[in-house]
Amino acid sequence: MSALLQIRDVFVRFRLRGGIFSSVGTIDAVTGVSLDIEEGKTYGIVGESGSGKTTLARAVAGLHHASEGSILYRGQELRDLPEAEFRELRREIVMMFQDPIGSLSPRLTIKSLITEPFRIQGMGDRDLDTEAKRLLTMVGLPAEFAARYPYQISGGQARRVGVARALALDPKLLIADEPTAGLDVSIQGEMLNLLARLQDEMGLAIMIITHNLNVVRHITDTVGIMYMGKLVEEGPTEEVFARPQHPYTLALLAANPEPDPDAQLMRVELSGEPPSILRRPKGCEFHTRCPFVQPRCSTDVPVWTAAGEGAHRCHFPEIWTREEAVAS
Amino acid sequence: MLSYILRRLGLSAAITVLAVALLFLIIHMIPGDPVSTILGPKASPELRAALEARMGLDRPLPVQIGLFFMNMLRGDLGLDVFSNRPVTQIVLGQVPYTLVLILVSILWSAVLGIALGCYSAVNRNSLGDRLTGVLSVSVIAVPAFVVSLYSLLIFAVKLQWFPAIGAGAPADWGDQLHHLVLPSLAIGLSWVGYIARLVRASMLEVMGEGHIRTARAFGLPERQITYGYALRLAILPTVTVIGVGMGFLLSAAVFTEIVFSRPGLGKLVIDSITTRNYPVVMGSVLVSTLIFVASTTLADIVNAILDPRIRAGK
Amino acid sequence: MTDITLPKPRSELGEIFHHLIRDPLGLAGLIIVTLIVASALFAPWIAPYDPIALNIPDRLQSPNPAHLMGSDQLGRDTFSRVIWGGRVALQVALPTIAGAIAVGLILGMIAGYGPKWLDSLIVLFFDTVRSFPTVMFALAVVALVGPSLNTVILVIMVTSIPTYGRVVRTLTQSLKEAEFITAEKSLGASTARIMGIHIVPNVLGPLAVLAAMDIPTVVGLEAGLSFLGMGVKPPTPSWGSLLNDGYNLIRNTPWLIVAGGIPLILTTLGFTFLGEALRDVVDPKLRGKGGK
Amino acid sequence: MAVLDIRDLSVSYATPRGALKALRDVTMKVPEGKITGIVGESGCGKSTLISAIIRLMAPNAKVGSGEVRFKGEDLLSRSEAEMRALRGTEISMVFQDPMQTHNPVLTVGRQMIDIQYRDKLSKADKRKRATEMLALVGIPDPQARLNQYPFEFSGGMRQRIAIAMALMAKPSLLIADEPTTALDATLEVQIIKRLRELQDEIGCSILFISHHLGVIAELCDEVVVMYAGEVVESGTVRDVFHNPAHPYTRALLECDPGHIKVRTRNLPTIPGNIPDLVSLPTGCIFADRCDVRYDACGARPVMATASSGHQAACHLIAEKEPA
């Protein structure tokens, strides 16, 4: 059976603006990403700022144009699909945004906001009061919230409104961009539990975008790590956590330590800052920051290599995994 | 920096060309034509034809515009209908009066406005701030010619502290200054309020920013924080507004020159309209447009000098 | 949990009104503006005399019970002319600003939301039109077509378009980048829907503030042009022509100038106060704080 | 001896709804030469606490009672001029948002020279010192970068500059308010490590505020846990994180995603919301969200000693405490 969503060698390119009528060049925010998301499963995309993770998500949601490659949803090509035809699919592919309050139109009531999908998709003749009540109950908000405005609710509540709105039309694929951003630790879990519950109830596939590896550990089936617009590692979540194959993954794991002062940490410190995507390093693009860099890394581009159940983009996974063994 | 200035000057040149062309077109499209404006409706066809030929109005429109630009570049805005003197000479003769009036007005109002704005922002919600606030808001939109008339009535006619008419004796600086007081008061008053409000608002915004908190956390003297750090940023929008404000001041100056019978561009235009001296009217409008474009350009360049982010194009 | 009753939020306009009347400045502005608009609307019933009819025996009177603000050189009652002058002022100001807002809104939204080249073009147009000094430009046009109210309206309207257009453009540009617009797109909202339901309502607030602050400017310009004899034609009463009469008679009687200036100053104060107060209410930064 | 010793500090804000009691009877210490962490979620009063320490409070804030003793002297009774003399010399700060920390229209060098205004050095010497500090925090080519403006630096670099500025006068106390929250995790690691090294070198005490438990565990010696304007627990990091005495600390640790290693469909949470700080509940502030609440919780608990140097404001501890 083929996957619900198949992404193949996708590039997203932006034009850089110069003067009034001129453009001075292009930058590739996403460069040749391929991944599959299975029906009813959760895929976590992890990366730091500038990794292209949000751009990739928006390309899948039809909000950015993919310049190359293909995005197949149930076998249908989404790239270059005219907006009029894409609109039909927007019932099935929905997105949740990073800023919980900022992603709600400020002058609309919560009721109008969560019933907007019906109106946009030509289903405005339904009993919207009932639908609003159903959706609010679904995400655990009191029905009275229908009359409020976005600025009158808290960030956590706004998140739930975002979920209600995304799931209003019973979609198949939910793209969640940093679903826990800005939430306190004690309520992050509520959000993730809600998503997990609704996934079980609705058979939803979820693509979670996050900068925090730990957030996706418990709820994803597969994770992909992005660096400078590329996937550098992918694999079953438990596999990646147990045996990371790419030094960047290890650095991310080490950067989110568990709250234990005695934990034996292998602190992987990356040197310097991420290079500008206007001037990509030659060879392995991670070599400028890699603590285990070898001469070959600055000249040869590593290829996507399958290893175990996952795959990675590193010349020498064996070198630093050995060093790790030495350290611990 | 240089590239920014060059780009900005290029834009100004484009605006000027467009403005002149647009002006020309509008004049052509609206009903009424220069010839009957000058000669009156009862002129004979021969006379009309002669004048049209002299003004180049008998040629096709694009040619007219082209000729107009050529002449303008040479500094030739045509001839006065009555005296046959070059319009450029007549208009430029009046420019200094208006320019001095405007510059003096913007200068005193900017200085006072910035000072009041800073005072209000620093002493936020104090009695002085509230008082300044109400006064500023009250004077902001009072039309300049109403202030002109009232100050004429009170200080020139009733109290006779200041002269009511003219710009003063040509060689006597003191007398000229004496004649400048009431007109520049009339034009500048609303700007004091406007600038004070603007500076107060942007000062308050800047004072709330993180870097001011940093400066305080390093114990920098409050004076340095206010004037060296906050005002440095808060002044930026004010500079732009003053640049644009020149346009409004040019308008206000027209009324003030009439009320105080001061020489200047405004008086020239009104006198020329009454005498149907159409080329002089056009010339004056053009020159004031140029003054306006020059002042906004200057304001943007000053802003670029003050703000490194503009220079870098960020 | 579901039984909690929350206070019912006020409607948007109700909320604005509520905030306005609690601000002393706003309340003062609202009262003055209401008075001016009402006196202009009901001029025929309020004005004690015909504003045009000559009454030479009563000429150049100082204020007295029969003529509250005195009379002019033709014996016309100044108070009646002031009341009727308000009509002319609003007749000019309202269509001028409505027109400028309409055009500015459309052009500004196209510039802010549309492609970059169109934006550059429209901005160039705005900058060009803005560089005509309004009064000079108006005088040049009047010189050609002769003084009339419609000329005044048209000229001020055209030169005001950039003011509104630029504000709308800036607001649209920042709204376009806002996450909620992206969210609407992800739901499949059409451009028309995004513009109409999500952008326009967020632009109208600041635009209303700008309009309130701009009305006195336009009223002042009309009065100014009429003062120069380039606006309304006599004997139509306008605050500007009243002032012109007063200017010519400044050494005979101060009352005409005083009377002609007062309504202008009141209009200015009223609308500016209202605009300032409205700004505090509309400003989303300040609004957000009220909610917490 | 403690560099900073806060006793029974209460601060409230005047709001239209009434006084918002942001801090209530906060007592805590920052021992000399140690790194003390304050951890807590939004609304716990961390920001109010640090603004009260350096006395840069919002205009509507009011100190109700208490003392802030710095090297034995109460800061709250000092004049504004005396306070200003302390800021940037004895106590300095690093703020949360590196993009907002510096004046955007002045060069970094100018800002670093300005803050040395108290020293009677030549401008060249001040510049040299600024260069040295930039090099110390790991900014390459510091000499040239002094002439650049803040927008020419990345967020991580700007935070390094902020740290360089804060440490320039070799302060006794550095207050760092979530200095790494706005940064990517891999950059956070670098900054934390550098901070630790610099602290060793300069020997100052650090008060480090964070909501990130893992970072606190990694960096700090002591930790203070705050909830809704009160200190609920304090002690060494090891004591508090290994044997949390307060139910809130325990729940918070359980919720931390770094703590949970098994795949689950049901992550732990703390149900409910923080109480309204305008109309406070009587009794324990955490009671209505607490899973071990009992009769005694109707009364407000006092700090009780769980073990030596480890205290928590919970009746359960007080009960166990030997009389």
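When the chains are written out, they are named A, B, C and D in that same order, and each has its own residue count from 1.
We adopt the following convention: a contact is a pair of C-beta atoms (placed from the backbone, for glycine too) under 8 Å apart; a residue touches a chain by one contact, two chains touch by 3 or more.
A quick note: this is a predicted structure, and the numbers were derived from the prediction, not measured.
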- Taking a step as a move to a touching chain, how many steps at least join subunit C to subunit D? 2
- Query: Which chains share more C-beta contacts than any other pair?
  - Reply: B-C
- Message: On a C-alpha centroid basis, what's the spacing between subunit B and subunit D, in Å?
- Response: 53
- Task: Compute the distance, rounded to whole Å, between the mean C-alpha positions of subunit A and subunit D.
- Result: 32
- Mind checking the centre-to-centre distance between subunit A and subunit C? Centres are C-alpha means, answer in whole Å. 49
- Message: From the mean C-alpha coordinate of subunit A to that of subunit B, what's the distance rounded to whole Å?
- Response: 54
- Mapping chain-to-chain touches, which pattern fits: line, ring, star, complete or other? ring
- Chain pairs in mutual contact under the definition given at the outset: A-C, A-D, B-C, B-D
- Query: Given the complex with subunit D, which residues does subunit A contribute to the contact?
  - Reply: 48-49, 184-190, 192-193, 196-197, 200, 211-212, 214-215, 217-219, 237-238, 241, 251-252, 254-263, 265, 267-270, 273-274, 289
- Message: Looking at the complex, which residues from subunit C come into contact with subunit B?
- Response: 25, 124-125, 127-137, 139-146, 213, 216-217, 220-221, 223-224, 227-228, 230, 243, 246-247, 250-251, 254, 257-258, 260-261, 264-265, 268-269, 271-273, 276
- Would you tell me which residues of subunit B are touching subunit C in their complex? 11, 14-16, 18-19, 22-23, 26-27, 30-34, 37, 134, 137-138, 140-143, 145-146, 149-150, 152-153, 157-158, 244, 247-248, 250-252, 254-255, 258-259, 265-266, 269-270, 272-273, 276, 278, 281-282, 284-285, 288-289, 292-293, 296
- Task: Mind listing the subunit B positions that touch subunit D in their complex?
- Result: 124, 209-211, 213-221, 224, 228-229, 232-233, 306-309, 312, 314
- Message: Considering only the defined contacts, which subunit D positions touch subunit A in the complex?
- Response: 41-42, 154, 156-157, 184-190, 193, 211, 213-218, 237-238, 241-242, 251-253, 255-270
